[in-house]
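Quick one: the structure is below, and I'll ask about it shortly.
Residue numbering begins at 1 within each chain, and the chains themselves are lettered A, B, C and D in the order written.
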Amino acid sequence: MAIKRIGVMTGGGDCPGLNPVIRAIVLAAHARGWEVLGIEDATHGLIDLDYRSPHGNRTITVRDVVGILQRGGTILGTSNKSDPWNFVVEKDGEETTIDVSATAVENYHKLGLDALISIGGDGSMKIAQKFCDLGLKIVGVPKTIDQDVAATDTTFGFQTAVQCATDALDRLHDTAESHDRVMLLEVMGRDAGHIALHAALAGDAHICLIPEIPYRVAPLVEKIKSRKANGHPYSIVVVAEGARTVAGEATYADKVIGEMPKLFGAAQKVCLALEPHLKLDVRSTTLGYLQRGGSPVQFDRILGTRYGVAAVEAVEAGKFGRMVSLRNHEITTVPIADAIERQRLVEPQGQLVHAARSVGISFGDE
Amino acid sequence: MAIKRIGVMTGGGDCPGLNPVIRAIVLAAHARGWEVLGIEDATHGLIDLDYRSPHGNRTITVRDVVGILQRGGTILGTSNKSDPWNFVVEKDGEETTIDVSATAVENYHKLGLDALISIGGDGSMKIAQKFCDLGLKIVGVPKTIDQDVAATDTTFGFQTAVQCATDALDRLHDTAESHDRVMLLEVMGRDAGHIALHAALAGDAHICLIPEIPYRVAPLVEKIKSRKANGHPYSIVVVAEGARTVAGEATYADKVIGEMPKLFGAAQKVCLALEPHLKLDVRSTTLGYLQRGGSPVQFDRILGTRYGVAAVEAVEAGKFGRMVSLRNHEITTVPIADAIERQRLVEPQGQLVHAARSVGISFGDE
Amino acid sequence: MAIKRIGVMTGGGDCPGLNPVIRAIVLAAHARGWEVLGIEDATHGLIDLDYRSPHGNRTITVRDVVGILQRGGTILGTSNKSDPWNFVVEKDGEETTIDVSATAVENYHKLGLDALISIGGDGSMKIAQKFCDLGLKIVGVPKTIDQDVAATDTTFGFQTAVQCATDALDRLHDTAESHDRVMLLEVMGRDAGHIALHAALAGDAHICLIPEIPYRVAPLVEKIKSRKANGHPYSIVVVAEGARTVAGEATYADKVIGEMPKLFGAAQKVCLALEPHLKLDVRSTTLGYLQRGGSPVQFDRILGTRYGVAAVEAVEAGKFGRMVSLRNHEITTVPIADAIERQRLVEPQGQLVHAARSVGISFGDE
Amino acid sequence: MAIKRIGVMTGGGDCPGLNPVIRAIVLAAHARGWEVLGIEDATHGLIDLDYRSPHGNRTITVRDVVGILQRGGTILGTSNKSDPWNFVVEKDGEETTIDVSATAVENYHKLGLDALISIGGDGSMKIAQKFCDLGLKIVGVPKTIDQDVAATDTTFGFQTAVQCATDALDRLHDTAESHDRVMLLEVMGRDAGHIALHAALAGDAHICLIPEIPYRVAPLVEKIKSRKANGHPYSIVVVAEGARTVAGEATYADKVIGEMPKLFGAAQKVCLALEPHLKLDVRSTTLGYLQRGGSPVQFDRILGTRYGVAAVEAVEAGKFGRMVSLRNHEITTVPIADAIERQRLVEPQGQLVHAARSVGISFGDE
């Protein structure tokens, strides 16, 4: 079947590199004479054709993508609440979820789409798979700032986020050394500690706490005291947001903040846990949304561009139900189903953790 | 009296530009054949000659300052607890304060200092004045990242901090626009809103909350809703840490967090106050210590260098009890006493606030 | 007279901060209910109403200026060949100049402009003055990346350019120190050495050559050899593009490159002049156009915004024939005629040169 | 044999990431109780034990490597003239080369080295191989900013250089668009066009000229004219320093600059070649040494750290004559001999060139 018109949408949290993907799709599609329809705010533009955000369901021309290669975010808008099978709506002042998948499928046809490229994470790929099962022609592009999709070697946004965290650590070093302080930095990573591990290696951290390696407070205190005894009365600690203590170990923080735990981040908890044991100021900073935005670093611009071109070629080749993927520096495709299945976590026995330990980084486990 | 040996110390919170000052002092002093003694960790090296931090009381040579022009922090170390008249010590497991000023004065003479250059903020200048009253020969160099010392037009560190906050706002824009969110950024400024105001102007913020202009919640909600109605369903809000509501206005946040107020920052409070009124996600980020560290921007390197050279010349000219100051682009000196007296706050009727209002920034007061 | 419609144009070399000025003008004008017409490519859009560049003569709306605060360049386009009294045209394959000023004046009225804001340098202000003499209502905004207009304390773009040059010097330090080399960096400044002087101070240069202080080769050689003898066998040299030797001193370079002098920059000449005298590698880099582009630093975004707001207020107040200006941190206006008259050069006896000499920077004059 | 003392040296052009390698070697070696001797200025410190640079042959302690992870250059110094078999010396005012390899071997033993880690490029690895043949125990670490060593997937410094070039392109875009100009940027790459290709993809270039794909002038002119006809009267061109025309095609530039060709870079030649064919300003900038210096990006810091740790482990395992290498994200070792043999060039039919063509980048070959 000759392709004439494709849709493209971005789902889940925004991530540096989304615009490069969109740009490459538009350029490669136009070179083939295809029209590209931007679906707005993840699936919102598919679910409700009258939905009007500033991003708008609209035809994306070559002129529309001039200058977006270097911009963070996504010109199509995105959303974390976009599952058509569990679509959040307000009813009598209460939030509830309904199934609007049939409408979405209907609108896909109404919009005259010959195919749809869905750029998104785990959640978006699950939705894409369900759509495929209902006959939609979808090619996936993986998006996870945490680099935790096992079906591809790496994803755009990750290098930008690690660079952002590394820059932050460089800054914290100045204050830590001037004031003889323990400085903690909380970075993204609920399930996977890749950002924290890479940032710790690149940002000269002394301690790195990640979900994959539960920590105890005692080794942390020991590490910091030992550094002080060796003439370095300051320490830098990177904490993934999903960092956790070994099972059963309650920290001082757990007791203090018992009532309002969800308002406290992982770094704040470590901060509260450490302070009673140290005669040093301990301060924490949460990098938060700063990691998501920003102009993508060159690596992510290039990877996004390659993914976009490959997605168009996959559409052309009729490889629906598949997701583009980077394997050993070459782009290929894998079944979307594979992408959903397996998460990539930090291997506690892997080379990177080993390298980190070799330069003296403690994971709080020994 | 011929100068042979001077001391130099840095006090209070660290600030980008301290190392450029130290470097310039060392280079200008050595050109005159003087020796420079670095006093460690603010007054600690003066109070206790046996005190040993990694920064160490030590002679600072020309070689020691190679490469520090571009580094944040201070190679001399610093401290927030350094008032010799209220020196914090531990006694029977409790913290208490004692007067060690006589020891400090004695050590000044023991160290054979002909003069002392004290780089610091309001607190350090008060201490310097007291030392002067006891006969020490001190020249001051103003340091405040908040730019709130009225006795000088500007101070080093401020431009670096504003740049850091502006870079953060550029990043938040990407996510805010992609997700149709309200993003808050808390920046430094307990009493003075200079950093917040400058960052808001440079970072394209829509709302700016500063201590000098108390806000109410209603105009904030209105501003955000009006933006949404005009096709911009996202907003960027800069919040100085000292931002406060108009007297008597309790926010929803005040009620919710009644019990643990000190754990909540100004931006978190605004966040909690706004959410019930908006059908938009509201998220806050606290820039925290990231504003203090980092390589100083060129402006702060140059200003620090000029201050350092001027401080050495003030010592040479016997201008003790005076502080270097920038007035209308030229370096001069003012009595240290003047520097303590008056804080520079944002003028609510001044040109900058006016410019901000003219480009549509709301201060939440109308 | 009530203002309904104003024009705005940018002339001369592009400069970081132009877009912030344009944005502020548009926001402040729209708040007054005025329409803003963007004149394209400096005066080209005024001279030829059928002229069509991508920047286009067009109405600039509030939506058009969203997101431009952080962008370098000018959305209106600009040109270095835009003098209506000496307008360059091609005739029989040859370039010649004609007087099209009458057409420009006529078009100003045809376009229904009540006033025109002209953002530009020395050349643009001269044109603006001539237009004023013919009855056009013009307010000027000064633009010079070199900071060489005496009628204002500073101009936008300058801080961004100095930061760019400083970043470059930070990079060159790494290689210079690793390889024991002499590294030269040529920066902008044909008549005025402000950028070179500031960059030398901020970038830890050892030699700074500017138009205002002619150099001789002998002191340069001596400075570099003396550094080597003191254990620093590398040197960093900043060269303004207008740097020149003292009258009558011909360098080796002058002889070697006699035939093709215009293809050689100032730094290359110094490079060729130094090499025969040193047993060190000497390498030069020309920063060139990298200094003009780039996202403006926060200072330039704020200054541009203030200028833009002030220009609209000057139009409102009927202050035609005047240019906005920064005087001792406050915005004011001065006659455009004043702005043309006097160039600001580096004062060889001024505080900045003195500070530079005090930290050991040689100007090659002694 | 138990290792007690190892040497480490860096050779060839400096490269961001060298200091991270040195730091990791020192940390991993000290954890094993080994001493580390820094050999100064590539082989110079091995050839002449009395040679004294500021880098000095010296024991490198853990304290010496604090803070160097984020610094460009090499604390050990380096040199491009360091082949002991063809060592450059001055004799009767003339440069000549002699064989000092025997002395170097002798000194290796005199210094009491149990092994030597040599960090360097093609040239350094050839020397290392010859030393191995004479019985020295050497482990290699690959270093090439051009990423042109086929025996490893990638090398540190490359990502930093590409980021630097990308940042430069972002800046040139502003001026190119504002002035409707053709802007050329010359980047490193004498034999291999990896930096140029990556920068072109990441920096939104329209033309990319690399050694592997010879260009003709006609297609370049056509591309630029076609862009202008489509409403984009500006173009960005990336030129590798080794870019060349197809055999036999002499350009206008070749004729004009016939006499002084070596003073002209590749971009200047393209510039001269294009100008007569276009009614657009054409300007070139040479990035030069700015690409070599600067704080390494996070990727290069991590890769350098991994290489350093792996080199120490290779020494421990007695894997002499081998070089560490990255293969499919994992560190391994390969024979040094392999590393010398094969250069990695850009594959004209590879995925990256294909992706570049797909987004409209012209290579001037068609």
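Note that a residue touches a chain if its C-beta (ideal position, glycine included) is under 8 Å from a C-beta of that chain, and two chains touch if they have at least 3 such contacts.
Everything numeric in this text was worked out from a predicted model, so none of it was measured.
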Common touching chains of subunit D and subunit A: none
Chain whose mean Cα position lies farthest from subunit D: B
Proportion of interface numbers common to subunit C and subunit D (over half same, under half different): same
Interchain centroid distance [CA atoms averaged], subunit B/subunit C, Å: 32
Distance from subunit B to subunit A - Cα centre to Cα centre, in angstrom: 34
Whole-Å separation of chain centres (CA-atom averages), subunit A against subunit C: 41
Touching two or more other chains - residues of subunit D: 170, 173, 231-232
Subunit D partner contacts - residues on subunit A that touch it in the complex: 23-24, 27-28, 31, 63, 66-67, 69-70, 153, 159, 162-163, 166, 170, 173, 198-199, 201-204, 231-232, 295, 297-299, 301-302, 305-306, 309-310, 312, 328-331, 351-352, 354-355, 358-360
Interface residues, subunit C side, partner subunit D - complex: 13-14, 16, 18, 41, 53-54, 71-74, 77-80, 164, 168, 170-175, 177-180, 183, 231-233, 260, 263, 283, 285-286, 288-290, 292-294
